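The structure under discussion is supplied below as C-alpha cells; questions concerning it will follow.
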Amino acid sequence: MAEAGQAREAPRVVLGVIGADVHAVGNRILAYSLRNAGIEVENLGVMVSQEEFIAAAVETAADAIWVSSLYGHGEIDCRGLRGRCTEAGIGRVLLYVGGNLVVGKTPFADVERRFRAMGFDRVYPPGTSPEAAVADLRRDLEARG
Amino acid sequence: MTLANRRIPTDEFERIREEVLAQWPTGADVDFAEAVAYQRGLPASSRLADRLAAASREGTTLVQPRAGVALVDELIALLRYLEHEGEADLLPTTIDSYTRQNAYGDAEKGIHESRAEGRSMLNGFPAVNHGVRECRRVVEAVSVPVQVRHGTPDARLLAEISYAGGFSGFEGGGISYNIPYAKKAPLERTIADWQYVDRLTGLYEEQGISLDREPFGPLTGTLVPPCISHAVAVIEALLAAVQGVRHLTLGYGQCGNLVQDVAAIRSLRLVAEEYLDRYGFGDVHVSTVFHQWMGGFPQDEAKAFGVIGWGAASAALSGATKVIVKTPHEALGVPTKEANGQGLRATKQLVAMLRDQRMDETAAVREESDRIVAETRCLVDRAIALGEGDLAVGAVRAFEAGTLDVPFAPSRFNAGKVLPARDDRGAVRFLDPGALPFPKDLLDFHRACLEERARRERREVGFQMVIDDIYAIGKGRLVGRPR
Amino acid sequence: MTLANRRIPTDEFERIREEVLAQWPTGADVDFAEAVAYQRGLPASSRLADRLAAASREGTTLVQPRAGVALVDELIALLRYLEHEGEADLLPTTIDSYTRQNAYGDAEKGIHESRAEGRSMLNGFPAVNHGVRECRRVVEAVSVPVQVRHGTPDARLLAEISYAGGFSGFEGGGISYNIPYAKKAPLERTIADWQYVDRLTGLYEEQGISLDREPFGPLTGTLVPPCISHAVAVIEALLAAVQGVRHLTLGYGQCGNLVQDVAAIRSLRLVAEEYLDRYGFGDVHVSTVFHQWMGGFPQDEAKAFGVIGWGAASAALSGATKVIVKTPHEALGVPTKEANGQGLRATKQLVAMLRDQRMDETAAVREESDRIVAETRCLVDRAIALGEGDLAVGAVRAFEAGTLDVPFAPSRFNAGKVLPARDDRGAVRFLDPGALPFPKDLLDFHRACLEERARRERREVGFQMVIDDIYAIGKGRLVGRPR
Amino acid sequence: MAEAGQAREAPRVVLGVIGADVHAVGNRILAYSLRNAGIEVENLGVMVSQEEFIAAAVETAADAIWVSSLYGHGEIDCRGLRGRCTEAGIGRVLLYVGGNLVVGKTPFADVERRFRAMGFDRVYPPGTSPEAAVADLRRDLEARG
C-alpha cells in the first residue's frame, strides 16, 4: 500500500457515483481520462454505496477514492464516509469528491467547506477538467512520499 | 408470472394491487372508485389530455417546466409561481431520487431534514410519503394540469397515489425509466411493473377519466440518435395501448441540429401512428414533447439562455405539442423558482413568436425524417421478431442482443456498445452502431457522415470525438472540434 | 456645389476639409499623414476589414455589441469588459445624440454633468469633444477592432477624428443616417456630406489603410421590408465605391420570420455584388451584418433573452458576417455593462453552436430571396432612372417621388406613404406600397399575403394590423393578432 | 381656454418628442390613439424644442402638453419647461411626460420623483398604453372642471 511507501508503478483509484445517483456520463469520461493518464482505475459505475467504495479500496489497495455526486443528495450520501474508511483500516486513503454536490446553485466555497469538514481531501466544482484533478492527485501522492 | 404483451387480467391486477398499496402506509388511502369520482370532479382546466388535444388542434406548443421540492406548501408556492410568474401552460411535479428507488424511508428522512434545515434537502417531491390528500392539495392549488415526472423503475405505488391524488399525467415507461435510471433493475421486471401503471391508466380511461401517459423520450439525454429514442417510444406506446391507454405523449430530446430535430418530431408522430394503426390502436391520441437540450449545459447563465433559446425555437419550428424547459441554473443545481421562471418566460416568448412558422416540410427535413423512420422500423421490427410476436418479450431480448442499445446508459441490461458522435453539421450519427440491425446503406451513411467530419478536422474518427461532443455545448459549441 | 455621383476632386475635398476641421477645436489635431502612419502602426488585430474578411473566409459570424458612455476611462472599462467578459469579437463606440446633431456645446455640458454626477448623462461617447488623442487611448486599450456607430447626418468631423483616432470602421450613410435620424436635414446635404466621409475613407484606402464602411441597415428598425433597406444599402454602396471605398459591410435588421431573414441576408449580398459588378466595382469586399430585432422589445429580461436568442440563431443560420447584439435591458434603458455582456454571451453561445448549420439554400428561402432581389432592382433602377444616370441625384428624387420610402421615418424628406404589416407567417409585407414602383404581380403578392392573414384573423386588412404588429414582440408575439 | 371654463367639444393636446430625439414610432401611435379617443391633437413630431411646444400650446389653447423622450436625454431636455410655460402665461397647462426618460434602466419611482419635481403632472414608464393615459387626461380635466 502507498502508506507503506512501496515502489508502485501507477497510482490506483477507486471511482464511482455515490448513492442512488445514476448520472453515468461523467463517470465514463473520468474513467477514460484516468486510464489515459496512466492511472489504474477500479470503476464501480453509478449507484455505489459507501460500503462498496470501501470494500473496493481495501481490495485494490487504492491510493484514492474518487466519489462523484451529481443529483443533489451528495451531502446526505457522503456523511460518515471518512469514519468508515478509518474503521476499515484505510483511514489515510485520499478522498476526493466532485460533481453537483448539493441541491441547488450554491457558492462553491460553502460547498467546499462542508465537504472538507466531512473529511474529504479535495472537493471539485462542476465543470472540473479531469486533467486538473489528476495533477492534484500526483501532487498529493508525491507529498506523501 | 411470465412477461407477455397482453392486458393484465382484472383478478391478477387486483392481487398485485393489494401488494403495491401495502408498500407504504399511504397506499391504504387509495380507493379507486373514490379516486375516479375525485378526478371526474376536477375542472376541465386540470386535465392534461384535454389541454394537449386542444394544443394539437390549434397548432400551438405548450410550455412546461420541471420542478419539485420536498415539502407540500413549498411545492404549492413553487408551482403557483411557475404558473403566474413563469407563464407555464402545464405544470410538473418532479419526484425526488429516493422515491424513485422506492426508498421511502430515506425520503421520510429527507422530509424531516428539509423541515429542520428550512431548505429542500431532496431533489424532488416525495409524493408517496405525502400521500393522496396532500397531492390533492397540490393539484387544487393551481389552475393548469399537473403531471408527475420522475425516473422510477417501479412506479406502481407512485402511480396509484398520483392518480388518486388528482394528477392528470404520468411520465415514464418500463424501458425509458429503467435503462437511463437504474443499474440492476431487470427489464422483465420494469416492463411488467409499467404494464401495471398502464393498466391502471386504462382502468381510469374505462371510467371516462383520460390520463396522459408519457414515455420518457430523452433517455440519457446525451447524444441519443433519434431512431433509438423513437424505437423505445414506439415500443412503450404499443405496450401501453394494449393495457388500455388512449392518451400518449411521445418525447424526444433535442440534439441541436435543426433539420434533425424538426425531422425527429415529424418522424416520431409518423412512425408511432403507423405502428399504433397497424396493431389496431388507431384510436390512441398521440402528442409530442420536445425536451430542450438534455445534456451538459454551460455554467454561465447568459450562455444557458442561448441554449434554452435554441431549444425553444427548435421546438416551435418542429411543431411539437409541448416543450420541456431548462433553466439558466441547469449546469449548477436544481433551479430556484426565479431561475425556473426565467427559463419558462424566455421559452414562452420564443414559442409564441414562432407559432406561425414551421419547418417540417422542407426537402432536407423530409429526407432526414424518412431515414429516421426507416431506422426506427429496423429497430422495432427486430424487437418484434426477437419476441416471436410478443413485443414485451421482444424488447427484453432486443436489449440482450444489443439490437436496442442506449448510449451512456447506466443499466447492466444495456449492451453499451453503441457510440454516437456528431457529423459535420452537428446531427447525431452512429460512430459505432454496435449490434443495431441496420442494412448496409444506413451503416454506410452514418460512416460517411463521420468521415466527412474527420476530414474537416484532420483527425481519425474515434472516441475522442465522442468526448469532445459531450463537452461541446457546455463549452459553447455544438460539434466538439479539436482545439 | 451641386450634388453629383462623382469622386470629390482633391482640391475641393481639401477646401471642405478646412471648414470641417474648424467646426470644433479638436479638429485642429487631425493631421492626415500622421494619422495614416498611426493607423499603419496599429496591430492587425485592430483592423476591422481584416477581421471581417477572415470571418467571411471561415464562414463564422462575428459578434458585436453597441456601447458608449460619456467619459473616456469609463468607455475603456466598458469596452474591456465587453471584450473579456462579453467575449465580443468586435467592439463599438456608440456616439451620443448631441454629437449626432453636431451640438458639440451640449455634448460638452453632458461631459461636465457626467463628471459631476458620477454617472453617464449622455447616451453615448462624444468622440469629437474628446478628440484624436483620447480616441487613440480607447483603440489601444483593447485588442479587437473598434468601430464607430452613431446616427449622425453630418458626420464629417466625427469621421476625421474617428479615423485619425484609430477606429477602423465607421457606420452610416447619406440616406441611412438621415431618413431615420433626422427631421429637417435635406438629403442633398447629407448625401454630399457622406460623400466626404466616403472620400476620406478612400484616401486612407489609397494609402493602404483599409477602413470598413457600413451603411446603417435597419433604418427605423420597425417592420422595414427587406427590399427597402436593401435598396438603400445598394445605393449607399455604389455612392461609397465611387469615392474609393473598398470595404463595405451591408446591414439588415431582423424581421423575425426565419425564411425571410435568411433570404434577406442571402439576397443582400447577391444584389449588392450584382450592382457593384455592373458599375465596375468588382474589387469591393462585401460583408453582411445582421441586426437582432431593432424594434420594441419586451420589458421582462428573460423574454428579452428569448428575442435575443432568436436573433442570434437567425443570424447564424443566415450566414451573416457579423451580428449586432441587443441586451436584456433593451426595452428600458441604455444597458449596464453586465446586461450588455449577457446579450453578447447568449448570442455567442448560439452563434458558435450553429456555425455549422445553414439555411440559405432551401427552396422557400430561394424563392423569397429571388423576390427580394426583384423588388430591390425595381427600387434601385427607378432611382437610377430618376437621376438620369446620376445615382446621387436619383436617390434624392426617388425620396421626393416616394419611390423610395422608409416606414415610420421622422424625416420630412421621406414620403411616409408606405405601410408595412406582417403576413400570416410573420414575414413583413406591404400593406400600403405607397408610390413604390412595383409591377402588378409583386403588388398582388403582397396584397394576397395580407388578405390571407386578414381571413385568418377575421378582420379587414388595415392600420390596426400595423399597430398590433408594432406592439407584438413587446407583448410576446410576432404577428399582432387581435385579442 | 380650458382654464376659463368654456364649453369645449374635445380636449386639446400638443404632442411631440423633445430635444434631439428622433424616435418616431411611439409618437405616431400616440397621435393616432389620441385622435381615435376623440381628442384634438397638434402633433409636432420628433425633435421638438421647449419653445416649439410652448408656442403650439399657446396657439391652440391646449389643455395639455404630452412630451415624449425616449433616447435618454429627457432629464436635460425637460428642465425648465414648467417655468417657461408660466412665463408664457400657460402655467396651468397639464404637463405629461413619458418614454425612456433617463439614461439606463432605473427604478421608475426615482424617475417619477425627478420629473414631478420638475413640474410634470404625470410621468409614464415605457410600455404605457395610450388608453390609460387618455383616461388620466379626462380625469384630470374633469377634476379641474
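Which chain is which? They are A, B, C and D, in the order written, and residues in each are numbered from 1.
Please note the rule applied: a residue touches a chain if its C-beta (ideal position, glycine included) is under 8 Å from a C-beta of that chain, and two chains touch if they have at least 3 such contacts.
Computed from a predicted structure; not experimentally measured.
Find out how few touching-chain steps suffice to connect chain A with chain D.
The least step count works out to 3.
Taking each chain's centre as its mean C-alpha position, how far apart are chain B and chain C in Å?
45
Nearest whole angstrom, what separates the Cα centre of chain A from the Cα centre of chain B?
31
If you average the Cα atoms of chain B and of chain D to get two centres, how far apart are those centres in Å?
Centres of chain B and chain D (C-alpha means) sit 55 Å apart.
How are the chains arranged in terms of who touches whom: line, ring, star, complete or other?
Shape = line; chains linked end to end, path left open.
All pairs of touching chains, please: list them by chain label.
Pairs of chains that touch one another: A-B, B-C, C-D.
Enumerate the contact residues on chain B facing chain A in the complex.
These residues of chain B touch chain A: 97-98, 100-101, 103, 106, 109-110, 113, 119-123, 151, 180-184, 220, 222, 295-296, 299, 329, 331-336, 339, 408-410, 463, 467, 470, 474.
Write out the stretch or stretches of chain C touching chain B in their complex.
256-259, 298, 300-310, 312-313, 317, 341-350, 352-357, 359, 362-364, 424-426, 473, 476-479
For chain A, which residues count as touching chain B in their complex?
19-22, 24-25, 28-29, 32, 45-47, 71-73, 75-76, 100, 102-106, 126-127
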